[in-house]
Amino acid sequence: MLLEKATVLSNKQIRPDYWQLGLHAPQIAAQAQPGQFMMVTAADSYDPFLKRPMGINIIDPKSGFIRIIYLVLGRGTKLLTKLRENMEIDLLGPLGNSWKVEESCRRALIMGGGSGVATLLPLARELFYRRVKVDVILGARSKDYLSCADEFADYGSVIYATIDGSAGYKGLATDIYPDDIRYDMVYACGPMKMMEKVVHLSRKHQIRCQVSLEENMGCGYGVCMGCICSVREPDGHVVYKRICKDGPVFNGEEVFW
Amino acid sequence: MLLEKATVLSNKQIRPDYWQLGLHAPQIAAQAQPGQFMMVTAADSYDPFLKRPMGINIIDPKSGFIRIIYLVLGRGTKLLTKLRENMEIDLLGPLGNSWKVEESCRRALIMGGGSGVATLLPLARELFYRRVKVDVILGARSKDYLSCADEFADYGSVIYATIDGSAGYKGLATDIYPDDIRYDMVYACGPMKMMEKVVHLSRKHQIRCQVSLEENMGCGYGVCMGCICSVREPDGHVVYKRICKDGPVFNGEEVFW
Amino acid sequence: MVDLRLQFAGIQLKNPLLTASGTCGYGRELAQLFDLSILGGICVKGTTLEPRLGNPPPRIMETAGGLLNSVGLQNPGVEKVIEEEMPFLRQFDTAVVVNIAGHQEDDYRLLAERLDSVPGIAALEVNISCPNVKNGGMAFGTQPATAARITTLVRQATSLPVIVKLSPNVTDIGEIAKAVEAAGADCVSLINTLMGMTIDIEKRRPFLANITGGLSGPALKPVALRMVWQTYRAVSIPIIGMGGICNAMDAIEFMLAGASAFQIGAAAFHNPLAAPDILADLTQWLDTHGVAKISDIIGEAQC
Amino acid sequence: MVDLRLQFAGIQLKNPLLTASGTCGYGRELAQLFDLSILGGICVKGTTLEPRLGNPPPRIMETAGGLLNSVGLQNPGVEKVIEEEMPFLRQFDTAVVVNIAGHQEDDYRLLAERLDSVPGIAALEVNISCPNVKNGGMAFGTQPATAARITTLVRQATSLPVIVKLSPNVTDIGEIAKAVEAAGADCVSLINTLMGMTIDIEKRRPFLANITGGLSGPALKPVALRMVWQTYRAVSIPIIGMGGICNAMDAIEFMLAGASAFQIGAAAFHNPLAAPDILADLTQWLDTHGVAKISDIIGEAQC
C-alpha cells in the first residue's frame, strides 16, 4: 500500500455510462495483484470528501500501466470524467486481498455483472497464464453495456446474458450457470443479488467459489471499520470483517448474506 | 443581472500570481459598465461553496468578449487556473453600480494598486472615448506585478510606483499623487490603506473622488446583507450599505473608514 | 403531473419551496432573476421593531461546504417593511412569510400585533434562533420555557398562522419543539444556523468581527435532516425543514423525513437560480416516481 | 526550528498532533504508510470491556465536506487490545491514548482499573460522546451530572491522566466541560461527531442501517472551533481540539482558539498522509512566523 501520484494517459467513454481511465502508476503496477483495488479521487477540494474504491482492470508491471473501468454514477465518478491526458491523480493502492488461484485449479468459471466485470479481467489473464481453462459469463443490461468482452475472449470462452436479449442469452447471467461442468473454482463479481445466487448455485454443485464484495468505504485501508460484511466463522459465529482489508474477495461459503 | 454560461477563450498566467481569463459572454458584455463586477466559480462542487467577485477588465459588447484579471490567492482562484479553452463557466453579472463619469469632466486621475487595477481599465477607456484627459498611477510590489500598464497607456499617461523601485518611482502610488493638478475627479481602486489615503489627499485638494470597495460576499447580488461598508449620510448618520448592490463604487467622501 | 399544492397550519402554498429568511432580502433582487410567483413562498429578512444596523463587517466567511454569517438582523424596522416592502411583495402570487425577531420578549408581541392586520401576509415566522445578536435571538430558542413564552405572546397577539423557527444549538430539539407546540405554535421551521467560528491565523483573531457566526449550507445538511426527523417524531404540528438544501434530492430527503415544506437559504448564493432549478427537478422526480400529490411523500421514510 | 514539544495534564507529547480515535485503528495500517513515531500521539479505537460487533452496514455515507459514520464502537474488547494491540503500539516512540467507552457507568471504572497498570499508555480518553450506540455513549455526555459521575469513577480508578471527550450535541459545551473539570478530569478533548443523518430517497429509508450517524470532516470545523473557543473560556484544564482539521492552517486555528494539542480524524480518509503532511506544514508555518515554542500560540487568538 502506497500513495502514488499517477499520470493520466487517457480517459474516455467506452459504453453508455462507462469510462476507461489509463494511468501511469509504476509503483502500484509493480505490486498489484488481480482483484485488488485502489482509492481514487479527482477532486482538489473537500467535496467530494472521500476517495472512491475502484478495482484494477489492467495491471502491467513492466510499463507501469494501470487501467480502471468506471461506471459514472454520482459526484465522484462524474468528476473522474473531467480528467484529461497528462493530468495527475492521487492513487492509494494496491488495497485489499486478491483472487486466490490454487495450484490444482484446472478449470474455472468467471461470472461478471455490471461494473464488477472490471476486476475480473486481470484474474482471467492470470488463470490463462497459469493454464487454467476459463469460461466467462458476462451479464449486462443490454449489448451496449457489455464491457471488456473482447479482452476476456483472449483468455477463455465468453458467453453473454443481457436483460433485453440484445446480445447472447436473454436473461440473467446466473440463468446460464453451466450445471454440467465440474469447475474447480467459480469467481464472481457483480450485483449482490447475482453473487448470492452464484454462491447458492455453486454450493448446490459443491463447487467452491469466491466473490468480491462492495460496501461504502471511509478509508479503504482498514482504519475506520466502515466497510464491513458479515462472515460466518468455521465455528458458526458470525463476525464482521472489513471488505477493504480482509476482502474484497471472500469465499462464497463464508459470506453471510 | 443575469446568469450566463460563458465559454473560456483563454486562461493564462501573465504575472507572478496574476492570471488573465478571456471569456465569451455576449449577454453580460452587452450590459456591463466600467466598474461593474461578476460572481464567478470554477467549481462543480460545494467546496468552494461561494462564488468569487471579480471586476471586469475588458468589456466588448460587439464581440461578446469579457476579460478578468485575477490574483491567485486561495482555493477559489486556484481552481480558476484549471480552466482551459472551450470549458464553460457560470457567470452572474453584471453586478453593482459603475464608475460615474460626469459630462463636465475634463481631466481625471486614476490610481490603481494590486488586483484593483483590473476594474479601472474599462474606466480609462470610457474616459478616453469621452475625451477626458487621463493620468494613471499604478502601484505594485515590483515591476513584475504591474498589470495592464501597456493597455492603460492607450488611454492616457501612465506612471508607476513600485515598492522595490524596480519600475518608476520607488514607494507607494499615493506618494506621487500630483499635488499641482486640478483634476475633476479621482478614481481609485486598490488596497484599503491606499484608497483611504487617496480620499484624504483628494479632500485636501478639494477634488472629488470615487473608490471601489471590497468585502467578503455571500451572494454578490444584494440579498444577504453580507458585504456592507459604513457610509456617512448627508445628515451625518452612519449607515451600512451593500458593496455588491449599492457599490462597489462609492464617493470617497461618504465612506466612513 | 404531480400536484404540488399544500395546505397546513392555515397556510396555503402552491408548492413546498420557500426562500429562507435572510437569504432573499425582500425579494427585489431575486425578482430580477425569475418570477417570484413561481415560489411556494418567500420568508423575508428578520424584521425587528426598530431599524437595526446589524453587526460590523466582515460578516461572511466561506467554510468547507458552506459559510458563516454574522449579519445580525440588519433590517429597516417593521414600519418601513410594511410601508415599502409589503406593497412590492403583494404583487406576486406567493405566500409572504414575515420573519420577526426581538431583543426582549415583549418585542415579539408588539411585532405580531403590528403585522396582524397588514394585508398579504401568509404567516409569521418567529425567529428565536438567531445566533448573531447579543440580546434575545438564540438565547430565547435554547430554553423550552422561554421559547414557549414567546410563542404564547405571539399566538395571542395575532390571528395569523404562527411558525416558530428553532435553533439547532440545543441538546434536544424535540424538547423545544414540544414546548412551542404546547404553547400554541401552528408550525415549526428548522433549522436556523449552527453557531460556528473561524480564525484569521495571520491576524490571530476571529475572522468575523462578531467573533462567532451562523453556519449554513450543505455542510450542515445531515444535522438539519436529523433534527427534522427527530422533531417529526416529537410533535404533531407540521414542520418546515431547511438547512443545506441545494437540490431537489436534498429537498425530497427533508420531506421524506417529515417536513411539509422546505426553505432554501445559502443555496441561492451558490446558484442564484436554485429556486427555479429545484422546482423543475423536483417536479420531474416526482413525476418519474409516480407521485400524484407532493403531500404523499411527507414523513414517508421508514426504518 | 520551532520546539514542538508539549507537556500538559501529565501528558508529554513530542508534537501536538494525535490521530483521533476510530480513524486510525490500532496503528497497524498507518504504520505501513509512515513511521508512527513521528506522531505526537495515537488515540486508539474506542475500547469496551467486552468485544463489540458494532452496528450493521451500511455504516458510512459521504456528505458535503465530510461523512457520517455509524460504526458503533466495533472493537475486540479490552483484553485483546491489551494482549494484541498494546505490544505492537509500544514499539513506537509516541504517546498512546486509550479511548474507553461503556454501556453503563460502571464499565468506565472497570476499564480504567484494568488499563491502569498496562505499560505504554500515556492517558485514557473517556468517550462519553459516541452518538452511535444505544446505551451509554452520547447519552452520558449530554448531561453535566452523568458526565461528572463517569469522570469521577475513572479518576478514582486510575493514576493515568484522564482526558474526557465531549459531545458537541449539547446546548452549552462550557457547562459540560466545567462539570467534568470539577469532577477531576485532567483534560478535555472535543469534539466528537455531530449527530446527523441522510436518507436514501429511492428506498425511502435512512441510508445508514443505524438511522443516524456521526458527522465528521471539514464540514463541521467551524462548529468544533467555536466549541474549543467557548470551552477555553469556561475551564482552566487543557483542551485537545479536533473536528474537521485537514491541514496545518486548520490546526493552527484550533491552537489559537485554545487547544493545547489537536487530533486529526476524517482527514486521514481524504489523505492517508494527512499526519505527516500537516506536521511538515505546521513546522514550516511556525518557523516562517518566528514561533519559538509551539506552546506560545495556545489560546493566542484575541478579539
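Some points to look at:
When the chains are written out, they are named A, B, C and D in that same order, and each has its own residue count from 1.
Everything that follows uses one rule, which is that a contact is a pair of C-beta atoms (placed from the backbone, for glycine too) under 8 Å apart; a residue touches a chain by one contact, two chains touch by 3 or more.
Treat the numbers as computed from the prediction; the structure is a model and nothing was measured.
The chains in contact with chain B as well as with chain D are A, C. Compared with chain A, the chain whose C-alpha mean position is the greatest distance off is B.
Chain pairs A-D and A-C differ in how many C-beta pairs they share in contact, with the greater number at A-D.
Inter-chain centre distance (chain C to chain D, centres taken as mean C-alpha positions): 34 Å. Mean C-alpha position of chain A lies 54 Å from that of chain B. We define each chain's centre as the mean of its Cα atoms; on that basis chain A and chain D are separated by 35 Å. Per-chain Cα centroids separate chain A from chain C by 46 Å. For chain B, the set of residues that touch two or more other chains comprises 46-48.
Contact with two or more other chains is made by residues 63-66, 217-219 of chain D. Under the stated contact rule, the graph of chain-to-chain touches is complete, every pair of chains being in contact.
Across the interface of their complex, chain C is touched by residues 63-66, 68, 142, 169-172, 194-199, 201, 204-206, 211-213, 215, 217-223, 225-226, 229, 244, 249, 252-253, 256-257, 300-303 of chain D.
Of all residues in chain B, only 46-47 touch chain D in the complex they form. Remark: chain A residues 43-48, 75, 78-79, 82, 84 touch chain B in the complex. Contacts from chain D toward chain B in the complex involve residues 64-65, 218.
Chain contact summary for the complex, chain B toward chain C: residues 1-3, 41, 46-51, 90, 92, 215-229, 239-240, 245.
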